[in-house]
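Have a look at this one.
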Amino acid sequence: MNNIRKIGVFTSGGDSPGMNAAIRSVVRTCAYLKVECIGIYRGYQGMIEGDFKPMGARSVNNIINKGGTILKSARCQEFRTKEGRQKAYDNLIAAGIDAFVVIGGDGSFTGAMIFNQEFDFPVIGIPGTIDNDIFGTTFTLGFDTALNTVVEAIDKIRDTASSHNRLFFVEVMGRDVGHIALNAGVGAGAEEILIPEENLGRERLLESLKRSKESGKSSSIVIVAEGDKTGKNIFELKDYVEDNFPDYDVRVSVLGHMQRGGSPSCYDRVLASRMGVKAVESLLEGKTNLMVGIQDNEIILTPINKAIKGHTKIDKELIRVSDIMSI
Amino acid sequence: MNNIRKIGVFTSGGDSPGMNAAIRSVVRTCAYLKVECIGIYRGYQGMIEGDFKPMGARSVNNIINKGGTILKSARCQEFRTKEGRQKAYDNLIAAGIDAFVVIGGDGSFTGAMIFNQEFDFPVIGIPGTIDNDIFGTTFTLGFDTALNTVVEAIDKIRDTASSHNRLFFVEVMGRDVGHIALNAGVGAGAEEILIPEENLGRERLLESLKRSKESGKSSSIVIVAEGDKTGKNIFELKDYVEDNFPDYDVRVSVLGHMQRGGSPSCYDRVLASRMGVKAVESLLEGKTNLMVGIQDNEIILTPINKAIKGHTKIDKELIRVSDIMSI
Amino acid sequence: MNNIRKIGVFTSGGDSPGMNAAIRSVVRTCAYLKVECIGIYRGYQGMIEGDFKPMGARSVNNIINKGGTILKSARCQEFRTKEGRQKAYDNLIAAGIDAFVVIGGDGSFTGAMIFNQEFDFPVIGIPGTIDNDIFGTTFTLGFDTALNTVVEAIDKIRDTASSHNRLFFVEVMGRDVGHIALNAGVGAGAEEILIPEENLGRERLLESLKRSKESGKSSSIVIVAEGDKTGKNIFELKDYVEDNFPDYDVRVSVLGHMQRGGSPSCYDRVLASRMGVKAVESLLEGKTNLMVGIQDNEIILTPINKAIKGHTKIDKELIRVSDIMSI
Amino acid sequence: MNNIRKIGVFTSGGDSPGMNAAIRSVVRTCAYLKVECIGIYRGYQGMIEGDFKPMGARSVNNIINKGGTILKSARCQEFRTKEGRQKAYDNLIAAGIDAFVVIGGDGSFTGAMIFNQEFDFPVIGIPGTIDNDIFGTTFTLGFDTALNTVVEAIDKIRDTASSHNRLFFVEVMGRDVGHIALNAGVGAGAEEILIPEENLGRERLLESLKRSKESGKSSSIVIVAEGDKTGKNIFELKDYVEDNFPDYDVRVSVLGHMQRGGSPSCYDRVLASRMGVKAVESLLEGKTNLMVGIQDNEIILTPINKAIKGHTKIDKELIRVSDIMSI
């Protein structure tokens, strides 16, 4: 047992469903293990401004099912400077905070790692992002919920896809990675899935749509990840397809930020609860500079610098499954 | 009692949630009243092609909760010609169909009215459209469901609206009318609602957003009906706001066709069931050229030409409610 | 204009979805019209205990989509005594509250009416109950949401009703009235709907189930309102049917309080918003002892004693629609 | 490569969400790999009756998002006899079916294993059950969806849990295993979770509820697995608690078969798609008597007799997480 008596917790970067469940878990595990817990508002920004609030077991009642984050989130330029981090450190020390749990993604972890190096301050990360692009965990917090949000939206679109010769293009999140597009695409039964990791060209898309039509499908759904480069953007791609396929009428949906919100799925809530327990326990065991993850349904720890450097690869097997399913 | 022995039913134009429930109701009411019922596929197109199928009570099992339409829908140019309508009429007569129930919107009713005038063929309309722009009924079939779809999407967006200085623009359906935008906007607690019926100019939008921010709101949601003319389109409007409001980050969602699909709400299912009964009974009572509607929770009939000509006005009281709510 | 400067608002009795939206509307309308608004916690109980809190426009942010009530609700025996009401009155006067808006049902309105008579204190009611059993409004706040909750549950049950010879009994709320059962029953496509207003006997249920089976249905869903007297309770009824129908396997669901919760439907949110505006405006116009309701899509006022005495009748047309649909 | 040219597929036992997605995957993988696929209706019953239907890629359009099973399911006594199985075998041979994929649980796999032993007929199983009680796979098909259904129901119940001194007992599925209760309990933030694997006695429940109240919780939710033996049943347990806790008002929900239905989650759809591909490919590679499962996010194979004999244990870590969370 080490000397940790007061743990800070905050959310940082783009929010994701399950962040509140993770906050609740950290707070309640602290209460259970009789260490104090301090909520830090708006991530590193609030750390720099000293925007802290003590949190007891009852302060996180009825949030497990809420999207967003009660601690707010923000991106913070100032924390990228040595001066900013020094202010943050001074505030933490002044408040008697001995360690923190950061819930966020890549960028948030980088900040935590640098902070740890500079001040030898114990930090543990919980991967909260819908993008599922963190190494060291099979699933990030919020990914499962985002997938359900996307397939529910596409299910509704498919209902109306009864007329002939209609194509639906649906843009989903994923600037650098196609995990949402690929998984939700398989889940929604999409005919085509366009992801940043693979750019097979616009001609191939046309061919595929042609084949799809010849195989007797009266309508098709194409999932386009935000960061896909098949077209300049989804609207330009729509124009290209309509120009080359005059009998097709292409309709576009841009799902946007609804993918980041919504009540978390049971999976994300359970994952958040498990991760929060592990994060606090690890800090109390004197561990630091680690990220909590899930692998083979076990909660594990990964050095935070590996979580940052590594990037999950797109799943080749799932691409193949998608190809087979869209026959 | 008149001589109607066989009733055709079809869906036409853009589909809407509740169309299947209406088909089911027409089919089962026919079965109950011991007249035959024939499903006509793909609207007027199927009528011209003779794409008919007898439907019994069991053929509509388990569809009340399904979005879309099992009879498919289509828009049909050929029915706008005398020749097309003659073919359709010949097919109906050949199949022994004495009357039909058309489930659709404005354009579909116009077709039915002309057909009735030319061939003295009994027709009754059921207003199936998410736009709620039909005179003679307080609610069209599908409007209630579409509103729920929109507010659920915006609820998720609002969850993530925790960071400062963020604006969300959400495009909803409504080329000519703002009923979806206004009702869903009030239901979702939108700060601004831009509809085709009112164009107060882009400057007013900026002012309102400024006021909203000054009143302590950290984020705002703006609903933009498809047909709104405040900007050229939602992306151009985004650029305008960002140009004039440099500290704002505007995110866009285009909900698109998910608004036309989805499992119908209980209200739409009950409405469809009641309308289907009334449609069949009215035909059997010798009535024709009417649209079934709901007013003051009673099922009523309106001459179909009034339903077409009239257009529901935007609700001034609701605009005022919206203004008050977004204080 | 009269002298009302400070309005209290509270929720009372069983809660219903949309109560938060109504609170928000009352609070924001007060802010808009520049009168103060005081939230009273736990209904009449909090009034007696002086559990008050000033509410400004921002204090009701992000609640329009939440089930339950942020002001809590309670049933209060003490308010039934003269002494209790005197305490409540003294607290209101001490806090400078000139009038109140009560959001609740029958019992809550009776309390308000007596209070008004005793102290000549201005009161307006908003009908918040899922039961839809208030005279003077076509729909009570929460009814629409509760119906959607029930049909969504039954839709899932129906999915699994694929094996032969299986009956599902589903108990829904409604101790004295069958509005939920009847509407959700039609919406869910139930084969039988048992309501307190009609007791046709257990034999008729057996016959109907037999007919249903003979007509080719492999499974049937029976909705049973809580207050139905066909059996002693739903489990006794299950035993009776299984005894008389040995080849049937009856499965029971008791939906319970999930019907009172959940995010309100768009309809309930809009209704709540409109009712709240009208309630505050009416008080400011010097009106009192009235209930806000909706009729023919217009917000209207009804003397509160009529709302209490009258009870909505079960809709005979809808019973007929249900009979036809379950052919 | 072996000689398999025609593969049968069926669902058996209690249905679960994702079965349709699995059927679709088997059918489309067959189409993709150019082997024939035959749908067998109503499980072993249909096999005995020869209720077969050829299935092509288009015959499984638009089912990935549907609960239930388009091939129907049944329990079949006759297949437990040698004569029944002989009939089934004769029918398969007569139809030219070389192998089958069975989607179901424990009992269905036992049938398949015996059938394989008797007739040396190639069989592969896909674990379709909401109970998650199959060895050789971290998740069974439908478990994830069932968990979401339960937590959504309890979320609604929690909304209304605003009054003091109210307890909610919610019965969930699980006759022999508590996986649904435990996971959904953690996901829903339940205060107590009663499962068949642990019977700590009724006294401990009382104590826990007392502690919960003393810790400041105004309401509590208790999840009770069907097979829990703390009380004789949930209603008897309710009476016991009310007798010993006179100031508590206990409300009961019995969720029942809604847990088996509903549109599958994205996770279950992707899992089903992956499993179906693996099942067909394994048969074509000459493998037999195996069950497809998922472990560490990889699709793996387990001897079907191990899948049957083994039973997943309740997760001690998760019980601990639950204890910590309900502080």
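Lettered A, B, C and D in written order, each chain numbered from 1.
Please note the rule applied: a residue touches a chain if its C-beta (ideal position, glycine included) is under 8 Å from a C-beta of that chain, and two chains touch if they have at least 3 such contacts.
Worth saying up front: this structure is predicted, and the values here are computed from it rather than measured.
Using mean Cα coordinates as chain centres, the one most removed from chain C is A. Per-chain CA centroids place chain C at a distance of 35 Å from chain D. Centroids of chain B and chain C (each the mean of its C-alpha atoms) stand 28 Å apart. Multi-chain contact residues, meaning those touching two or more other chains, occur in chain D at positions 155, 158.
The touch graph of the protein chains shown is a ring with every node of degree two.
By the definition given earlier, chain contacts exist for A-B, A-D, B-C, C-D.
Within the complex formed with chain B, the residues of chain A that make contact are 14-15, 17, 42, 66-69, 72-75, 149, 153-164, 168, 170, 251-262.
In the complex of the two chains, the chain C residues touching chain B come out as 24-25, 28-29, 31-32, 57-58, 61-62, 64-65, 138, 144, 147-148, 150-152, 155, 158, 183-184, 186-189, 215-217, 263, 265-267, 269-270, 273-274, 277, 295-297, 299, 317-318, 320-321, 324-325, 327.
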